[in-house]
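Okay, here's the structure, questions in a sec.
When the chains are written out, they are named A, B, C, D and E in that same order, and each has its own residue count from 1.
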Amino acid sequence: MENFEPEIVAFCCHYCAYTAADMAGSKRISYPSNVKIIRVPCTGKVDAIHLMKALEKGADGVYVAGCLAGDCHFKNGNVRAEARVNRVKKILTELGWEPERVAMVNMSAGMGEYFAQTAREFTETIRKLGPGPGKFAGTNDKAAS
Amino acid sequence: MQNNNSSENTLSPDRRVLVIGGGVGGIRAALDLAESRRDVLLIDKAYAIGGLMTQLDRTFPTNNCDLCTVSPYLSQGARERHLEIKPMTTLTRLEGEAGAFTATLVTEPRYIDTDKCTACGECAKLFPDAVRVTPGLDPRAPTCMRYPQATPFAFSIDITKVADMAALKKVCRADAIRDDDTRRESVVDVASVVLSVGADLFDPAVLDNFGGGKFDNVVTGLEYERIMSASGPFQGNLVRKSDGRRPKKVAWIQCVGSRGINKGDVPYCSGVCCMYALKEAMVTRERFGDDIDTTIFFMDMRTYGKDYELYFNRARDEYKIRMIRSRPHSVVENSATQNLSITYALEDKPVQETEEFDMVVLSTGFRVGEDAKNLAGVLGIDCNQYDFAATHPFNPVLTSKPGVYVCGVSESPKDIPETMVQASAAAAMAVTDLPVVPVDLQTEDLFAPERDVRGQDPRIGVFVCDCGFEIGGIVKVDKLLADVCANTDVAVAKAVGYGCSSESMAAIETMIQENHLNRVVIGGCSPRTHETKFQDLLRRVGLNKYLVEIVNLRDQTTWTHMNEPEKAQAKAARLLQAGIAGVRKNRPLIDHTLPMSQNALVVGGGVTGMTSALTLADQGIKTYIVERAPALGGLARSLRKTIEGEDVGAFVQDLVQQVTAHGNIQVLTRSIIVDHSGMPGLFTTGIQTGVRMNYMQIDHGVTILATGALAGRPAQYGLGTHTNIMTQLEMDSMLEDEADKIQAMEQVVMIQCVGSREKENPNCSRICCQAAMKNALRIKEISPDTQIFVLYRDMRTYGFQEEYYRKARDLGVKFIRFSLDQRPEVVEADGSLSVTTHDFILGCDIEIAADCVVLSTGLIADDETTEDLALLFHLPRTIDHYFLEDHVKLRPVDMAQRGFFLAGTAHSPRTIRESITQARAAAGRAQTMLAKKEINLGACVAKVDDKKCASCLICVRACPFDVPFINAEGVSQIDADKCHGCGVCAGECPAKAIQLLAYEDDQILAKLDGLFER
Amino acid sequence: MNTESRLEKILASGELAVTSECGPPRGARPEKVREKAALLKDHVDGINVTDNQTAMVRMSSFAAGVIIKQMGLDPIIQMVARDRNRLAMQSDIIGAYAFGINTMLCLSGDHAKFGDHPMAQGVFDIDSVQMINMVRRMRDEEVFQGGAKIDGAPKMFIGAAANPFADPFELRVMRLAKKVKAGVDFIQTQCIFNLDKFEQWMKGVTDRGLDEKVHILAGITPMKSVGMARYMKNKVPGMDIPDAVIKRLEGVSKEQQPEEGIKMAIESIERIKQIKGVHGFHIMAIEWEEKVPQIVEQAGLYPRPKV
Amino acid sequence: MSFQAKLTSGEFVVLAEMDTPKGVDISDLVTNVRYLKSRVDAVVIPDLDNGVMHLGALAGGSIMRQQGMEPLIHVCGRDKNRMALQGDLLAAHVLGIHNIMVVKAEEMINGDHPDAKTVDDLDDTGILNMIRSLTSGTDMAGFELRGKPVLTPGIAIPPIADTEQLKVQAAAAGEKVAAGARYIVLQPVFDLTFYTQIIEAFTSLNVPVIPSVFLLKNVGMARYISINDPCSRLSEDLIRRIRKARDRDTECIAIAGEMIRALKGISRGIKISALGWEDRLPAILDSAGL
Amino acid sequence: MITAEQKPIPEIIQYIAPYGKILLVGCNECVTVCAAGGRKEVGLLASALHLNSMKQGKTIDIKEITLERQCDPEYVEELTPYIDGVDAVVSMACGCGVQTIAGRYKKTPVFPAVNTRFMGASLGQGVWAERCKGCGDCVLGITGGICPVARCSKHLFNGPCGGTSNGQCEIDPDVDCAWRLIWERLKELGMEDRYEDLMNAKDWRPGGAGGPGKIIREDLA
C-alpha cells in the first residue's frame, strides 16, 4: 500500500510518559502525528484487552509507555504492563499478525526527546509492517465492535 | 534591624496582610497567605496585576511561554476567598506597629466598573488612539487591557486620552463606563505588610554611546521580548522596527547601565541579564531561524543559578550563539540601512574591531524607581545605598521596620525563581504577626450543589482554546468545531480564545448553564496543568467535576506538529472525537478525604532545617528535626564570617538555642531515616536514632528536605598535599584564628571554579566568587601589603556582591582569567609553591610565587544521602545529584511529590542568607498544605463489583500497596481511603470485577472508538 | 532353598556372586542377544536382561530372557512398574517361569520423559516394593495379587535395585529395609564410584542386620572415558561421581582412559570385597560387554564356581 | 528444646531481638512474633534500651510467653535499685521468664529522657551476684525466699575496637562468668576479620558465645555506623555493595543472612536485631538458611 | 481447584472456522481463578477471534457471556435466549462445563477453548501446581500431608526411587521429590516410623479405574 499512514495508539502513564510527551511539546520536538495518546494513571492499568481492542478498532500499532524500570510511581505497574504486552505479542503471533505491532517502552518524565524518538521509531516499524487488522475489517463490511 | 519574635504583638484576629505589588512575587505571597487561610489584600498601582513577568515572551530555563504558566495563578488568585485585589491602588500612609497597622490607601479612578465590564472589547476597538505604554513599542488604546488573561478581567480608561466621553460611554453595552469615577481613599487595618513592588528597568536613553532610545533598531531586552511575544505589537513576528524586516544579525550588549562607573550607571550587577540575553538569543534561533546570527557581548557570563551553567553551555554549543568577551565601546547607526556598527576590543588583541549588525539588544538591568523610593518613605523602612530595602543580614525578607517584609526585586535584583522563594518566605514571616491559629477554619470553598445528571442523555459542550497562536495559529479551530458538530449529542461547540482566561471561563460557565450541558470537553493544553482549573469551573456551575475531559491540543498536537498543520488538524480532530466519546461515559464521582497530620518533619538540622522548623513551630506545628550528626548546625558550623562581616558562629549558636528550647520542636540528632510510607498529609517515617540506633516512627503531614550539600574537596591543584594549599573555608578559619600567619604572606593566589563548571560537576557553585572576595578583602585588611592574585573564569559576584569585587580591584587584588584548556598549574619545589597560568592580555604564561594557594572549591551535592532519600521518598534528583524541585520557576521549593518541600543547599549551592530565605519559603509552602486540614484522595480508586468477584485473590496479590482483601462476605474489598489509584488490580482481575473509577474500561474503549470513528 | 535359581545357589554357598547385564536390541534381532550373552557366558552367574532401559523401546526382557535361557545360560529378567499394570506383570511372570526363567528383578523404571516415547503414559499401577511383595506372594502363598489361587506358582528368586547415593541419604537404608520386608532376596546396587558413601550405607545396612536377610551385589561400572564420567555425573539422576574419579581419568591420555577405567573398576571391587555384607558384584559395562570377562578375571572372581 | 537446653547441648541457638512499643499498642509485636514461631529459640526483649522509654521488658517477656515463645529479657542497673531489681526478677520467674541478660545500659544522656536520674545501685557483677543469691534462695539482705526462682543469666559485652580493649573486656567477662554468667552475647558484626579474634577470646572463657547481627536498612544507616561506631569495622565495600544493589532492601537482608551463615561455623549461636523492622526477621532467617 | 490453560488460538480458530455467529461462554469459578476462562479471558479471546476474522476479511459475530458456573444446569440455562441465534458455542470452562452445555443444547456444536489440566493449588500470583489426582482413596493421612500419587512422577507409594538428586525429582530439577518432602515432614512430625509401613498395592477403582465416577448422596438426592 503506497502512502500508508499508520494509526498508532500510545497508552501513556500520567507520571512519566505522558509528562514526557508534554515535555516534547514544550520543547517543540516533532514526532509523527500518527501517534495518539490515551492517558492512564499507571501503565499497570492497561489491560491486554485494551491493546487488542485498539488493534481491532483500527489501530495499526499500539504501544504502552511507562516509567523507567524501578521508577514506577506505583512500584511495579510498568513491569505488569510489560508482561501484558508480551502476552498480546504471543496472541498476535498465534494469529499470524506481527508481534511488533505492540510494544512496551519506558521513559522518565524528563525524556521528551526520547518520547519523540520512540514515537518516530515505532511509527516507522508499523509503516514497514503495513496496515493492521482494522484495515482489513472494512474490506467486506464493518466489524462488530 | 528587627528581630523576629512573633508572639508579643497585640494580635487582632480580623486583621489581614497587605501585599503591595501585584507582580509574580506579590501574587505568590498573596496566594500563599490565602492558601494558608489568612486574609490578604493585594494592591497594585497598575490596572491589572501581573507585573513584569506578564510582559516576557518566554522565560528561562525552560523557554516556556510565560503567560500560560503564570495565568492559572493569576485567575486562581482572583477566586480565592481570602484574597482581595485592589488594582490602581497605592499606599499613602502606614501607622501603628506590627500586628496592628492602619494603612491608608488611595485608589485611582478606572472609569470602568469592574463588576459590570464584560471585557467585550468594543470600547477598545472603537478608540484605538495609539499611546505608548511599554517604552518604545506597545501601541495601546485609551481603554486597554494588558494581556488576554488579565486580572481583574476588565478594561480601564486613560482619561487623558479620551476626547469624547459620551461617545465612549455609548459603545459600552454593559454600561460599565463611569465618567464620574474619582480618586478614593480608604483606611484598612492590617497586621503586616509585604512589599513587592519590584524595580524599574533601566532606560538606556540616558547613555550616549549605545543609541538606546535613539536608533530604531537598538532595543532593550524587554522591548525585544515584546517584539517576539505573540501578544506583542507584531503578533509574535520578529522584525526590525525601522523597516519591518526580519533581522539576520542580532547582537546583545550586556551590563548596560549595570556594573558601571559612568554617568547613569549603577555599580551593582542586575543578576538576571545574562540569563535573559541567552534565552532571547536561543529563542531567536529556535523560533525565527537557524540562520540568524546571534552574538552576545559580555564581561563575565553570570549563569550562577541552578543548572544555569548547563543552559549557557547549551546556548554556546548547541545553539551556536557567538560569545564575545568584551564591553563594546559604542554603537553607530548606518543612516542608509539603519544597520548598526559595534566597536569593541578583544582581550588578546591590541586593535579594536568593528562589526555591523541588523539589530542590537541592550541588556538593561534593574533600577529603583521614584515611586518605590517614596513608598519606602511611607512605610518608614531603611534603604541601602542603591535605594533597595535594607534587610536583616541573616533574613533578607525582614526590613528595618517590624511587621514590614520585603521580597523580590524590591530587596535586591533577582530572577523569577528567587523572587518566588522570597515571596513565600515573606508570606511565612508576615503570618507571624497574625494570631497563631487562624480564626476561619471553614474547610472547603463553597460551590453550588451538584446537579444530578444520572439518566440524562449527554448534552456535550465542546470548547476549544486557540491559546493565542499556540493552537489557533496551527490548526483551524472553526473546522475542528464544525467537525465535532456531527455528533448529535454535542449541543454547543465554541471557540473560546484563551480558554484559561477569566473571560473565557466566564463565557464557558454561561454556555453550560444556558444550554443545560451535562458534559464538557475542553480542547486546549495539557490536562496535567489545566484539568483542576476546568474541574473547578464545572463545580461552580453545579456539575460534578469528573464530567469534563481535557483534550491536549497544544502540548501534544500543535506544538509537536507545528510544521505539519494539516496533520495537526487531523490529529486534533481525532483527539477531540476521542474526548467526546470518552466524556459520554464519564460518571459523577465523589472525592475521598482523610484528616491530615499536622506534624512536620524536617530532614537536616543545619541553618536551613532549623530555620524551617522554627518557622513552622511558631505557627503551632509540631516539628521534628532529624539530623544525622551529633549536634545541630550543619556546614555553617565550619563557617566564621559572611561577606557582610557577620559572625556566623554566634548566629548558629543562637539558632540552636531557639530550636532546642522550642516547645513544638523535637530534635533527633544522630538519626537516620530508614523507611517511609503513607501519603501526602499522612506520612509515617521510620528513624534510627541515638548512638545505639534505636528505631522509632513519626507521623507527619509534610516533609521539608534540608539535607544540605558537602564542601567540595577535589584532589586538584595539589589540595591535601601541602599545608599551604587550602580551601576558602580553611582560609576563612585561618583569618579568624591565625591572623599572624596571614601577615607573613607576601603573595596569595586564589584559584576559582575548582571542581565546579567542569565535566564531572558541570554547574557553578555560586558561592565561591563571593567567598574569594570576602577572604581577599579580609587578607587586605589584616595585611594590606600582601599581593593577592585571583585566577578566575568568570567573576560571578551577582547583585550587590559586585561591590566587594570592585573594592577588591580598588585595593589592588589582581584578577587573571584562565580557561579550561589552559588551566593554572600549582608547582611545588623545595617546599615552596608557585602557580603558572596563561595571561590572555599579555599573551604568555606567567609564574606567580605563592605563600599560599587558596582554592575556591564550592559545594557538591551529597550524592549518597540524596540518593538514599530519593529512593526512600520517591523523589527526583538532578543529574548532579541535588534534589529536583517541581517547577524551577513557579514552584522552586515544592517537590513533585506532594507534601515534600526543599530548601537550602540540598536544592543547589547558595549562601546562608539565601538558604534562610528558602527555609522560610519551604516552611511557608508547607503551611499552605497543612492549612487544608484534610487530604483529598481524589476519586480515582478501584471499585469491586461483588457480583462478579470470584474471590480469586489475584488483586490481593497484585496490589503494590497490599490494599485489597477478601472480606467477611467472601469477596474482594478495596478501601477507597487506602487505594492509590494505579489500577493494577483492574488490569489483572480475571473476572473483570474491578474497575478503576475515572478510568473505567468502557471509558477507555470509548476513547478508542472515538479515535477510530470514521 | 526357595527356587531353582543358579544365583540363589551361588549366594547360598557363601561365594561372591557375579552378575552382569545385557541390553536387548532395538529390533527383532535375536542374534544380537546371543552375541552379547555369549561374551558373558563363563564369567557370570546371571545375566540381567533390561526392560526397556532408559525408557527406550527394546526387545522385551521376557523374550530376550527366553533366548538366553535357550542358550543354557541364566537370565535375570528385569521388570519395571512403568510399562505394565499388575495384570500384565503377573502374566509375564508366569509366562517367563514357564520358559524356565527363575530369577527376576523388580524395578520402578526410569521415567518415560527420558526415553524415546516421552508422551507415553507411565502406568505405575504398583510400585517396585509392591511388585516384590506381589511376586513373593505368588511364589510363597501361590496367589495372584488379586487373591485368586495360582495353579502352578512361579518360583522366582526376587531381586531389586538399591541406590545408596540418592537423596535423602538417611532414607536409603530404610528403603532397603522396606524391600526386605516386602520379600526381596537379593539387591543389585547402583554403580558405585563414591566408595566412602557406599561404605557408610553398608554400615547402616549391617547395623540393622539387613545383610542377614538379603544378598547385596555391589554395582560396578567401568568408565570408558572422562567424557562418560562427566556425562554420568551431570546427566544421570541419582549418580554420585566424586571429582577425584574425573580428575584421575583426566590425568591420563584419551587412549589410556578405557584402560584406566577398567583399572579403577577392579580396584573398587577389591576394596568392596572387604566390606561386610557384600555378597557379590553386578558388573554393568554399558555397551562394553566385551570387557566384563577381563574385569571378572582381573578381580580374582574367575573361574565361577559350579553349583 | 528450650534455649538453655540447646545452649548446654551445644546446638546452634538463634535469638531474635524485638523492641517493645513506645506505648501500649502491642499489635505489631504480637503479629511479628507469630512469624518467628519455631524458627528462633528465644526472643530477646531489651529493657528501656538505648535510654529510650518503652514498654517494660517484664511485660514484653510475658507477652512472648503468651505467644508461645521463649523470652529472654535484659536487666540493667541504670534505672532500678536492688529492691526493684530483685522484685522484678522474682516476678520474671513467676511470669515464666527464666533467661536474663545482664547488660550495661546506654547512658541516659543519649536517650529520650536525658534529664532522668541514673540509679546505678548495682553494677553488672553486682547484679550477677544478686541473681546467684536469689536462685540459691536468699535475697541480698540474707532473708530466705519462699520458693527459689530459676534464672539463667548471660551477659552482653560492650563493643570492642581493638586488641587492647579485647583484653580488658575478656578479663572483665571472665569475672562475670565467675559471678555466674552462663553465656556471652557480643556486639554486632559487620566484618569477620577482627571479629573472629573477639569470638575466640571469649570462647576461651568456656561459656557459649553468641555474636549479634544487625539488619542494616539503607546506605545512610550503614554510613552512620561506619563513621560513628569505629568498633563496627563496617567497610566501604559493604556500603558500596548496598548502593550498587538493584534492590537495596533485599541486599541488606542478604548481607545479614550471609553474616549469619558465616558465623554458624565459628560460634554457638546468633542474636539477630532487626531494629524495629521485626517483620523482616523471617526473611533474614530464610536468607541465613535457618 | 480445577486448573486449565487456554488452547492454542489456531486450534480454536479451526473449530469455529465454518461458523459466523459464536457464543463465547466463560465461567466465573475455577477457570476465572486460574485466569484461563473468566470474563477477562473471554474478552481477550473474542478480540483475538475478531482480529483473526479481519485477516480473512470476514465478519464474525461473537456474543460474550460469563456464567457463574458452567457445570450446573441451572446456570447453563441462562444461555437459552441466545442459543438459537448462534451457530456454535465456544466454552472456556473446564471439561465439565463444556459437557454440561453440550448436554443441554443438543443442536448446537460446543467447542472447548481451554485444556483442563489438573486439580491444583495456587503457589502465588500466576503459579499453580498439581496437588491432587482425585484417586478416590486419600493417603495424605499417612504421608505427612504430601500426596505421593499427585506429586511423585512415578506414583510411588513406598519411598523415593533411585533417581532423586539433590532432593529433586529425576524428571526435572525444578520438581521437588515428593518422597523427600514426605520424609522431611514425617521427621518434623516425629512420625519417622510411619515410613517403614508397607503400603499395599492401591485400589484404583474409586479414582476412575472402576468406570466413570458418580457420587450419590442419598440424603440429598
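By definition in this document, a residue touches a chain if its C-beta (ideal position, glycine included) is under 8 Å from a C-beta of that chain, and two chains touch if they have at least 3 such contacts.
Bear in mind that the values here come from a model prediction, so they are computed numbers and not experimental data.
Undergrad: Considering only chains that satisfy the touch condition with chain C, which of them also satisfy it with chain E?
TA: none
Undergrad: What chain sits nearest the middle when you go by CA atom centres?
TA: A
Undergrad: Would you mind pulling out the distance in Å between where the CA atoms of chain B average out and where those of chain E do?
TA: 62
Undergrad: I'd like to verify one number: the distance from the centre of chain B to the centre of chain C, where each centre is the average of its C-alpha atoms, in whole angstrom.
TA: Centre-to-centre distance between chain B and chain C: 86 Å.
Undergrad: Whole-Å distance, chain A centre to chain D centre, using C-alpha means?
TA: 56
Undergrad: State, to the nearest whole Å, the distance from the C-alpha centre of chain D to the C-alpha centre of chain E.
TA: So the centroids are 52 Å from each other.
Undergrad: Touching at least two other chains at once: which residues of chain C meet that condition?
TA: In chain C, no residue touches two or more other chains.
Undergrad: Among the residues of chain E, which are close enough to touch at least two other chains?
TA: If we look for residues of chain E contacting two or more partner chains, we find 40, 43.
Undergrad: Go ahead and list every pair of chains that touch.
TA: Chains touch in the following pairs: A-B, A-E, B-D, B-E, C-E.
Undergrad: Help me check something: in the complex, which residues belonging to chain E touch chain B?
TA: Those residues of chain E that touch chain B are 28-29, 32-33, 35, 38-41, 43, 66, 122, 124-125.
Undergrad: Can you check the complex and tell me which residues of chain E touch chain A?
TA: 8-10, 13, 40, 43-44, 47-48, 50-62
Undergrad: Which residues of chain C touch chain E in their complex?
TA: My answer: residues 81-82, 86, 108-111, 113-114, 122, 124-130, 133-134, 145, 161-163, 166-168, 170-171, 174-175, 177-178, 181-182, 190, 237-239.
Undergrad: Residue numbers of chain B touching chain A in their complex, please.
TA: Chain B residues touching chain A: 62-64, 286, 526-528, 552, 554-557, 559-564, 567-568, 570-571, 574-575, 578, 874, 876, 940, 958, 960-961, 980-984, 986-988, 996, 999, 1001, 1004-1005, 1007-1009, 1011-1012.
Undergrad: For a test of understanding, state which residues of chain B touch chain D in their complex under the given definition.
TA: Those residues of chain B that touch chain D are 628, 630, 670, 672-675, 686, 688, 690-697, 864-865, 867-869, 871-872.
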